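Here the structure comes first, spelled out in structure tokens, and everything after it is commentary.
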Amino acid sequence: MRSVIEARGLTKRFSGLTAVSDVSLSCEHGVIHAVIGPNGAGKSTLMNLLSGDLKPTSGNILIDGIDVTGSGSSQMSLLGVGRSYQRTNIYPSLTVVENCNLAVQSRSKFSMRFLSDVGSHPEVEVDTKNVLERVRLESVAQKRVSELSHGEQRQVEIALALAIKPKVLLLDEPLAGMGAEESLSIVALLQSIRSEFAVILVEHDMDAVFALADTLTVMLNGGVIESGLPQDIRSSDRVQAAYLGEDFSD
Amino acid sequence: MLIFLPVFSELYYIQFASKILIMIIFVSSLNLLVGFTGLVSLGHAAFFGSSGYVLALLSPADTSMNLFVALLASMLCVGVLGAVFGAVVLRTKGIFFIMSTLALGEMLFYFLHDTAFAGGSDGIYIYDRPGFNLFGWWQLDLSNVSHFYYLALILVCLVLMLIKRIMNSPFGRVISGIRVNEHRTKALGYHTYKFKLVCFVIASMIAAISGFLAAVQFGVVNPEMVGWHASGHALMMVILGGKGSLLGPVLGTTTLMLVEEIFQEATKHWQLLTGIVVVLVALFFPNGLVGLKFSKKRSEI
Amino acid sequence: NKTNDAIRVGFMLPYTGTYAKLGAAIENGFRLALTELGDKPYGKSIDFYTVDDESNPAKSTDYANKIMTRDNVDVVIGTVHSGVAMGMIKVAKETGTLVIIPNAGANAATGSMCAPNVFRTSFSNWQPTHPLGKVMVENGHKKSVFVTWKYGAGEEALASFREGFEAEGGEVIKELFVPFPNVEFQAILTEIAALKPDAVACFFAGGGAVKFVKDYAAAGLKSSIPLYGSGFLTEGVLEAQGADAEGITTTLHYADGLQNPKNLSFREAYREAYNEEADVYAVQGYDAGLLLIKALEETSGDLSQKTQAIKAMEGAEIDSPRGVWTMSKSHNPIQNFYTLRVENGINKVIGTAWEGLEDPGVGCGV
Amino acid sequence: MTDALMHVASLHAHYGLSHVIHGVNLEIKPGETVALMGRNGMGKTTLIKCLMGLLPASSGAIRLRGQDIKSLATHSLARRGIAYVPEGRGIFQNLSVKENLLLAARAGFEGRMEWTYDRVLDVFPRLKERLAHGGQQLSGGEQQMLSIGRALLTNPDLLILDEATEGLAPLIARDIWSIIGIVKKSGISSLIVDKNFSALAKISNRSVVMVKGAVVFDDVPTKLIEQPKELKTWLGI
Amino acid sequence: MDAATFFIQTMNGIQYGLLLFLVASGLTLIFGIMGVINIAHGSFYMIGAYLAWSLMGWVGNFWIGLVAGVMVALVLGLLLEWLFIRFLYDRDHLQQVLVTYGLILIFSELRSMIWGDDVHSVPIPELLNGSIQITENLAYPIYRLWLSGVCIVIAVLMFLGIQHTRLGMMIRAGESDREMTKALGINIGLIYRFIFALGITLAAFSGMISAPISSVFPGMGSQVLIVSFVVVVIGGLGSIKGAMIAALSVGLIDTFGKVIHLDIFGINIFPEMSGMSIFALMALILTLRPQGLFGREH
């Protein structure tokens, strides 16, 4: 099957520091590809490259086989790349519904219309409702996001990524800050929708990673040290030494 | 009551009310940028003033122009200016945006002030106000204070309705998204620059309406109209009233203009009193005067 | 609701900002003149109305409208700033209210914008610098540089200087402008030093005048290149300029030290009334008062008889502290211009630069 | 009661009109490690903000070493030996790593100087490599380390960690737990919020569970583990 | 323009630039580093000049007057912070604009009530009164040179103080996250009070020491306000180095704009439109570098 998103030899340098060096990976429809690695390995930077938030120093990004290197984040989004951020990046002073409406509407063609009423596009509200149901935020739908707890805000973060109906879903530590039960429910959510997207997942919660991932890439100091099936990674000595520790050896 | 003002009021107060109405349009247009889009401009008077200049330059020496042609021409010219200015200043953010709008506004100021092109520092006088003649049976005469007042009143209503409409439109939704978190809005797939530019142009064209009316009312255009003092004064009204609400500019403008008018009557040291009022409002109503209304409502709960 | 038992006088003057001082002096002078009339001239009271025009030309028509339409005054005394005055005139043309300009010099006020009901008791920008060229050539300076702020009044002063100077065979070798109201002159001074003209003429007033004179002296130019200017260069700011102003020659329609009896008694009365020294602005205000008195005399205090009032003012011969002057056809004073030189901290009158100088009133079709 | 380092009695707190903390009682003894648990939105962070003086309590008492501190300003609380690692880390974006650390470094309440700049860098070698980087250039995990290191540099008697290991790689998280162990050994009390229940249970002397702004359990962790049903409803485990 | 004149003009530009830096220095602290938008900056400059005039006239000595003026300004700064500014740190920036706008009105009126609307000048102190002859007819006042020296000293002190002291770190930290700064035991409220007062004092101080060469007049505050903001912003917020370079560029542009003749497409740019020059410079720089010359990218 052809990969929906593919990175070829991506490199990103920040004055002196190579945060991502020569990383290649790809992800197909219906697959969850987890990227793990110690703090500062370059995972978030890689995500930023894939989502167009950063421009690569070298290397290419392909969506559906077409080279889209150099596109900005809004273009990438329109090409079907949705993402969540590690550091919560939502609209604090808007309500949960308003947050989602914005995301949903980004897929429409009428965003430039300044004389029509939002009420004349009820499909937005419908989609929003669906998304909120999925991430279980209906109960706080009318609350301002700044009044939500940290965990709830993380859920909004994911809702925004889902709401744009992406082909590729980039999730940067979606479970960070979530309680045990919320984590489980997000894992369940991802399980239920995995067939709809190509997902690249960065996460430190290894239970979740091993529960979800079809393939794994392990990064260290900007580069890829191992890539493969979960069970192989789990038993790799290098990965254990660099990242997992022995706890996960079995 | 506003509708019947010309019936019972003295001439001067009708004129004063018209002045307030004109400023409400201007301040509302600025609020579209400051309050709704989060773009704090300190050069908005450039559009207010240049609209007047367009009228003054277009006005033939001895006859009066068709009101609507003149208004449309001013709005279009200013819209183009807005697009050019916007394209430049929208590259910057935050305080840098404030300063680049200031820079462009002041450049326009010095251009008008230092060259002979449009009357230099003395400006231009408009002798024949534009008018409108409906097939000869009804004549809109803008030198008639009541006519002018009604025109201003109608335009204020239209502008407020327009802004309300914009804010409740899909476009308005994106605009407020940009205000709260532009980065995320971009990541959601919006080309935010384009949205901001459109908004900037709309705001400049609405400002053009007010500048046009001001030029007609005062019969003079002058570099001071585009200077940063004029921009700053309007910004004060936005903040005073409370940004980001439709009512804020109306309250802020009316209050500040009334306060200034009353104090000017009362004492030579009117600026001292105005200053004190401004400081007190800023300290005690963090959300501007509209906050007053809301906090009352809240305490009722 | 205009009552006929009061004379309604409006002041449209700057009471705040840079020109506040001038506004106050004008009002003082004006009120001093009116004291001659006693308490109830012609059985009427005099009601005063004021508006602070802030020296903001953008609000000029608005403020003018306020005092002319709302307060419905018979006559407006105003104002200092040229741009504001023009706006005021524009409104006055529509309302027909009498206007007496006690300072603003814009040529157009008694030129292209002139109107039957608009009078000036001060000067036109054309006037003070016009005789300057003659004085300079008489002193043997044929090549000069002219410095001014880049704004209307400055450019008008420059044009008339050039006209007067060239008529006497002088040559303006360079015009130097400073953006208004910038007061950094070092670049200009260096340029002057490099150009080495015979003399420098300039047009500045207020804070800018103080700074220019001080900087000129500090740059050492004072000793090698004499400095000339329109009288506003030293008027009212001599104390602040101190020794640096010594020797500066200017031309103006008034000088503190004029030794005519009218001036002496005026200065005495002014000192008594306000506990400060009168200056040219006070004189201009005072003369505005004298001019109004002429109109009141003619109409027995009823200014609604406009044509008579205007006629009286047009034909007025004002016995002013600056010497007797008359109205030109375009309603601007035909007046003497004196040559003043700063000596020992005072503006000394060293001669009359031009007797009865009349503004050409270009563009006034009266 | 007098031997408690911190003592909280029937504390209430509001955000505007919404009542978030409902009469919380809590005690932290010197040297004790207390785990604060609860689902998302139950008020853990809010409680901590009250303890830090960042949110004024509506009623109730907070005592530190027997002294009422409810009305003290945040900075004087910190000077009395409370250090805070907030959720979201609170790194100064416009300061370099080194400056973030140096800014905090000072002697503790009684003049203790166990944690020094060098010691923190030894414990977090990763930070050492990033000293000149600006706060906003750090990876999430690096920021967490910086935030903890910074808190330790104030040589506190009580360390409050909100979401101690959020976003940390397993190995690093393990390091953090061991640092918390070191902290514990050195006699510093701590109040820790984290979602890793088993790690918390292992290290803490007491577990406190919050539900809807009130404390529903306050005892040794083993007691909590014995109650699977409550665990499920309180914590979703 | 011959080489000698060019050289002198360059010196003029630099000297003016240094003066601009001095005038903007208080704003660099309050606005560039503390992040408080203080549009009343010019008012404090003006107040400084009037203070210098009245105090120096009163005690009859420049230096004693200067010290006394600095004290008064410091107290005024502390008082204002305590009365108004401390409520504004956590609020929207625009509220700061509004309050300081109110202060402009209040101060200009108070000035008029206390000191009147006259133009004054302050004598140059004996010690520095004199000039250096540089061409046959052009001299350079020693006071201006001394002023340049003071600017450089202040620039260096500020640079070291902000970049290399704990206090500087605390201020910058406070700007980034006030709550967290408090939670580290730093009394940020107190620090901000002093820094604000220091900024006010710097503004007033620059008004005081510029008074002998700039004269003292009512509108002087609004004249320096905009140019100060231009300097701080072109340089990049919080960067002393940037502010210095910006001030020097503005000084040079302004200087040469007045004397060079330049036509573009038959339109006279200099000196006809030299009033526009610093704004054109700012617009240009912000277009090329939207965060200012030395600003950090956010």
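Which chain is which? They are A, B, C, D and E, in the order written, and residues in each are numbered from 1.
As a working rule, a contact is a pair of C-beta atoms (placed from the backbone, for glycine too) under 8 Å apart; a residue touches a chain by one contact, two chains touch by 3 or more.
On a predicted model such as this, the values are computed, not experimentally measured, just so you know.
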{"item": "Any chain in contact with chain B as well as chain E", "value": "C"}
{"item": "Required minimum of steps from chain C to chain D, each step between chains that touch", "value": "2"}
{"item": "Required minimum of steps from chain A to chain D, each step between chains that touch", "value": "1"}
{"item": "Most remote chain, CA-based centroid, reference being chain D", "value": "C"}
{"item": "Whole-Å separation of chain centres (CA-atom averages), chain B against chain D", "value": "51"}
{"item": "Distance from the mean Cα position of chain C to that of chain A, given in whole angstrom", "value": "74"}
{"item": "Chain centre separation (chain C, chain E; CA means) in Å", "value": "35"}
{"item": "Distance from the mean Cα position of chain E to that of chain A, given in whole angstrom", "value": "48"}
{"item": "Where chain A touches two or more other chains at once, by residue number", "value": "none"}
{"item": "Sequence positions of chain B contacting 2 or more other chains", "value": "110, 113-114, 271"}
{"item": "Pairs of chains in contact (touch as defined earlier), listed by label", "value": "A-B, A-D, B-C, B-E, C-E, D-E"}
{"item": "Residue ranges of chain E in contact with chain D within the complex", "value": "166, 169-170, 172-173, 175-177, 179-189, 238, 296, 298"}
{"item": "List of chain A residues in touch with chain B within their complex", "value": "51, 53, 72-74, 77-78, 83, 89-94, 98, 101-103, 105-108, 110-119, 121, 124, 160, 164"}
{"item": "Of all residues in chain A, those that touch chain D in their complex", "value": "14, 17, 36-44, 86-88, 147-152, 173, 176-184, 204, 206, 242-245, 247-248"}
{"item": "Chain B residues within the chain C interface of the complex", "value": "10-13, 15, 19, 110, 113-114, 120-123, 125, 127, 217-220, 222, 224-225, 227, 229-230, 264, 268, 270-271"}
{"item": "Residue ranges of chain B in contact with chain A within the complex", "value": "165-166, 168-174, 176-177, 180-181, 183-192, 194-195, 198, 202"}
